[in-house]
Amino acid sequence: MLMQIKNVRKQFNGVDVLKNVNVDVQKGDVIVILGPSGSGKTTFLRCLNFLEQADEGTMQFDTLHLDLSHTSSSDIAKVRKKTAFVFQNYNLFANKTALENVTLGLTAGRHVGKSEALAIGRQALDKVGLSDRYDYYPAQLSGGQQQRVGIARAIAVKPDVILFDEPTSALDPELIGEVLRVMKKLAEEGTTMIVVTHEMKFAQDVATHVIFMDGGVIVEEGAAEDIFVHPKHDRTKMFLKRILPCGGICEEYECR
Amino acid sequence: MLMQIKNVRKQFNGVDVLKNVNVDVQKGDVIVILGPSGSGKTTFLRCLNFLEQADEGTMQFDTLHLDLSHTSSSDIAKVRKKTAFVFQNYNLFANKTALENVTLGLTAGRHVGKSEALAIGRQALDKVGLSDRYDYYPAQLSGGQQQRVGIARAIAVKPDVILFDEPTSALDPELIGEVLRVMKKLAEEGTTMIVVTHEMKFAQDVATHVIFMDGGVIVEEGAAEDIFVHPKHDRTKMFLKRILPCGGICEEYECR
Amino acid sequence: MDLDLDFMYETFFKILGGISTTLELTILSLLLAAPIAFYMAVLRLNDAKISSGAVRVYVSFVRGTPIILQILLLYSLLPSVLNTIVQTLGINFNVFDAIDPFFYAVVVFSLNTIALLSEVFRSALISISKGQLEAGLSIGLTRFQVYIHVIIPQAMVVALPNICNITVNLIKGTSLAFLMTVKDVLAIGKIAASFGYNYIEAYIDVFFVYIILCTIIQVLYTAAESKISTFRAMHV
Amino acid sequence: GKSETKETAAGTDGAKKVITVAHTNYYVPYDYVNDKGESDGFEVAVMKEVAKKLPQYEFKFVPTSDDDLLIGVESGKYTVGTKGIWKTPAREKKYIFPKNYIGASVIGLVIRKDTADKIKDMESFAAYSGKLVPIAPQNAQYAVVEEYNKSHPDKQIKLVPSEAFKVSDAYTWVMEGRYDAYFEVELNYKNNVLNKNGSYHQFADNVSYIRYKGIPTYPLFNKKEQKFADEYDKAIEELRAEGKIAELENKYFGESLSNYIGDSDK
Amino acid sequence: MNYRPFDPSFLLQSIPALLPYLQITLFVGISSIVFGSIFGILLAKAKLSSIGPLRWLAQGYTYVMRCTPSIVLLFIVFYGLPKLVDGLFNYQIDDWDRSVFAIITLVLLFGAYVSEVFRSAYLAVPRGQYEAAVSIGLTPLQAVIQVVIPQAMIIALPNFGNSVINLLKEGALAYTIGLIDLIGKGNLIISQNFGAYAIEIYLACMFIYWVMALLIEKVFFIIEKRLDKGQTLKTVQTVKQDKKRARLFLIKGVKFHGPGS
């Protein structure tokens, strides 16, 4: 088991945003988290990367056993070296060009040589279709371009685990396809991923495990087929019904 | 004719981002702009609201005839009083709560009484499903919640024209449905809208006119049926093919 | 070396009498300077060639040259100039008696505070993202309204610690007004000390008064800062 | 406390005890730093002669500001301080004043010529208007005027304290009527106005000078330095007897100041 | 006015006489700025720290220092420090160069002031910037240095400029303990002339200070331009300005074709 996350609880101003969340992640897994707006998806990912301190919860990562509510900074550093985060609002470094955004994690974070980092960085940007925007600053990029830089930044450092928070929200359907293809490729290469997304197609195609959250708890989880084809809970059924082609019961993926 | 936009040209650092863009808008129109990332959709909307100064171009708005490249600030103010903008990256007022974000345009911008403004503001937030987040600051809201506040802020001032820049990108499919319903209702009430979106369903259902942009020019435009069912240009065909259910030829809307 | 405690005790209360002068000078200067300084900051952001250049020259001159020297120019020259003007116009007005030196002090310190504050405001404005202005404009607010409702409240969070720096510096710096015979806290201490050369005692007294005064002011500023920054201190 | 142990330690080493003479650095021609950056001036020159008489000590001259000089002598950082100080009873509580004065200065009023018929002395000035250019309180002149006011309660001069201002303003202020008199050391008046090269010589016809009195000036000693103060007194008496001091007065002032000092002040 | 002698040639003559004394102003000033900034950074870091006592200590220090008039602190350092060092280590520092005491004083004060400048600028950078940096494996220190500080700097610079120029002027404080700086020399010249030429000398001093301030501001201006990557409120308007220039150009070019073509 690569990651075992247990019993995560998180409050904001006394309101529970996450309650007793448990997730097991095997190496190479692609875990998709679905759920309505405000259900705690982002908060959960942030807790995993210690950007938010959980009030309770443990995480076993590789050989590390961590208490999410008070983790030593050296442990945090270890986990972060092996993970990367794609932010819902991109959070590109405003003072760095697209290429610098992508290479920084290599040169500063991983002591990769400058020219090698540049090569890797260019490659990553090329993958997401930004070969003509290397030297643009974030303020000069369109929404979709910024989002893709964010993705390139995360994949460039070749982490063991990537946490994606709605990585295709600002993209047009054409590009969504491209980006999902890149992600699929990563999955095939064995990168472990936890992905918050509303792209059902991607979930159906790639997810090894689907989690449906609502109100800070995991309502239902299971293999993609199970969740999409035979959801058990009413809440899940309702959610899926509205959004899947053919009213939620859709065995023929091609339809979409 | 409510708006007639002619010959808009815009460069950034000597690179054309918009070239000779012409759009006619009738009162009550819902114009949907489609196009790949970086094609200039956002820039176009921004030029219409004078957030970006076009290098060339004219706009007739109601009885006003404006030169987009040098407009007097009083004319700009007149246009802005009648329009609202939903930003791709939300741009919520960081120092104001959700409710204050929504009411500010009423109290300060339009001299609506405080209690009336509050009533309108609450109603607008309720419409987008945020009745439990009135007093949250933007930093305390999830991505989708922020996006919905942005929408509520624009519709609360009841403008003649609303410019939407990917208003549902951060929403889950369930909410997308809700928000699109709100927009449909606005359309039925006669609000004119120019919407950048990738929600084909919405375009198909509501758009009176669809514009497909690429590389800063309008490649193709026409009624929704024409564009979706019988696209003429190869570029349009390619774009649609990838994204529409059933390979771009889809007469049965229910399918999605 | 023995401290003259009696002297210290007596002088302390004498010095307290200077607080009003110190505070009046400080507060008046701040209030007079703030709007002008803010306008200057906006001019500089606009980067309009002439006005922004003029502001830069003003700021560099006023904050770049010692206040003592400015006082010298203003206090020793200006009244003379005014007097000459009044005389040649034949107006029956005694410039030297009618204008209280306090007035010159307010002018000098306001001019200085304008220069410093304009930089404080400029830095605070730089920290606000442009989307905030655009969002305000797009819902039909005037630029002025956006500044009032959105930009200034956010900018103040960044500005307050720096305004606090300026305020406490003013409190201490207004003692230069003694060059113009205006007696603030420090001046009273110096006068008291001069008879028996009790400088050490007087300075300790003055120090105490400043500690009280500046602590109150700093506490107020810190409270204000934490109050107006509630909106952003979410993730800790 | 601690400085004492330090000094005795130095003393037992057999090294000479160091006498630090602090002097103000721009009170020309009494104490100042000359073009070469050396300590200079009449009082400094006298102290240097004193040093020759007391070879058991090593003298060190430190130019510094008035504030530092006063605090430094009080705290023991400096042994002696000299800046043209006038004796007052309050000051004697803090410092040792020697029996013998070191120099003297003559002070008086600078007034406009057109008021010369009305202002003849301090009393008539007080009667005329009493508007005197402000004086820095640490300046001894302040104490002199204050003393005058105490002894003439019915003929007060308007004494306004302020931080020190430069002379050029004061002359101008008097001439343009902002004030009616300026309390000034006679020597400065001579150099500025009467001297053909003085920068105010062009206005020699506009102003005149009324001598008030000459006042002896003293160096200050740290409270623990009574022994050294006594040795100083002895040295000064010898120097005065030898005519050395008169010689220096001539060098720095071009005349003997001692003549101006009234017997009561000596 | 006619009663005020004014000799412009004296003003010009005095500049070369004054300039060498700028050296002490600059020496004291620059050393204090360098060490004071480092100290200020440490203080700001402490104030932002999650360790309570450290935070309170730094905050308390700032409070007290900002209450302290520089001249009082100077005397405390000049008289107190040698006694303290003597008492603690039995070591004499009385004879140290006076500039050392002036520098220590100014470092203590400057540190307190700029720590607030740094703190407010640091907090003004959106937290997401730091988060993004650590999320790709930068250490917190690297994240701050590589990402947060460059963005905080553009916000801090104007206030830092205030403090730096203020400090260079405060350098005149050194005069109180007998160091002759620019203004000190000015006063010397004035006294050597029995108080005459004060206006001329002071104008010369002002002029020198002003030139110094202009140079400093120029440097800051260049740094600021370099740091601005188009994210600030400032740039909306600069962009507009560029456009105004471009438009002027356009109008010229279009003249013969008539508008609207």
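Which chain is which? They are A, B, C, D and E, in the order written, and residues in each are numbered from 1.
Assume a contact is a pair of C-beta atoms (placed from the backbone, for glycine too) under 8 Å apart; a residue touches a chain by one contact, two chains touch by 3 or more.
The shown structure was predicted, so the numbers you read here are calculated from the model rather than taken from an experiment.
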{"item": "Distance-to-centre winner among chains (Cα means, whole assembly as reference)", "value": "E"}
{"item": "Top-ranked pair of chains - ranking by C-beta pairs in contact", "value": "C-E"}
{"item": "Between chain E and chain A, distance of the C-alpha-averaged centres to the nearest whole Å", "value": "45"}
{"item": "Separation of mean Cα positions, chain D and chain A [Å, integer]", "value": "82"}
{"item": "Intercentroid distance (Cα basis), chain D paired with chain B, Å", "value": "83"}
{"item": "Distance from the mean Cα position of chain E to that of chain C, given in whole angstrom", "value": "17"}
{"item": "Chain B residues counted as touching two or more neighbouring chains", "value": "89, 140"}
{"item": "Touching two or more other chains - residues of chain D", "value": "67, 71, 75, 166, 169, 172, 176"}
{"item": "Multi-chain contact sites of chain E, meaning residues that touch two or more partners", "value": "3-4, 71, 75, 198-199, 202, 231, 235"}
{"item": "Complex contact set, residues of chain C against chain E", "value": "45-48, 56, 59-61, 63-70, 72-73, 76-77, 80-81, 84, 116, 119-120, 122-130, 132-134, 151, 157-162, 164-166, 168-169, 172, 175, 186, 200, 203, 206-207, 210-211, 213-215, 218, 229, 232, 235"}
{"item": "Residues of chain E touching chain D in the complex", "value": "3-5, 7, 71, 75, 78-79, 83, 86-87, 92, 94, 175-178, 180, 184, 187-188, 190-199, 202"}
{"item": "Chain D residues within the chain E interface of the complex", "value": "2, 6, 25-28, 32-33, 62-65, 67-68, 71-72, 75, 77, 166-172, 175-176, 187-188, 191-192, 198-200, 202-203, 206"}
{"item": "Chain A to chain E touching residues, read off their complex", "value": "49, 51, 73, 77, 80-81, 83-85, 87, 89, 91-96, 104-105, 108-110, 137-140, 153-154, 157, 159"}
{"item": "Contact footprint of chain D on chain C as seen in their complex", "value": "1, 4, 72, 76, 79-80, 83, 96, 176, 178-181, 183, 187, 190-191, 193-200"}
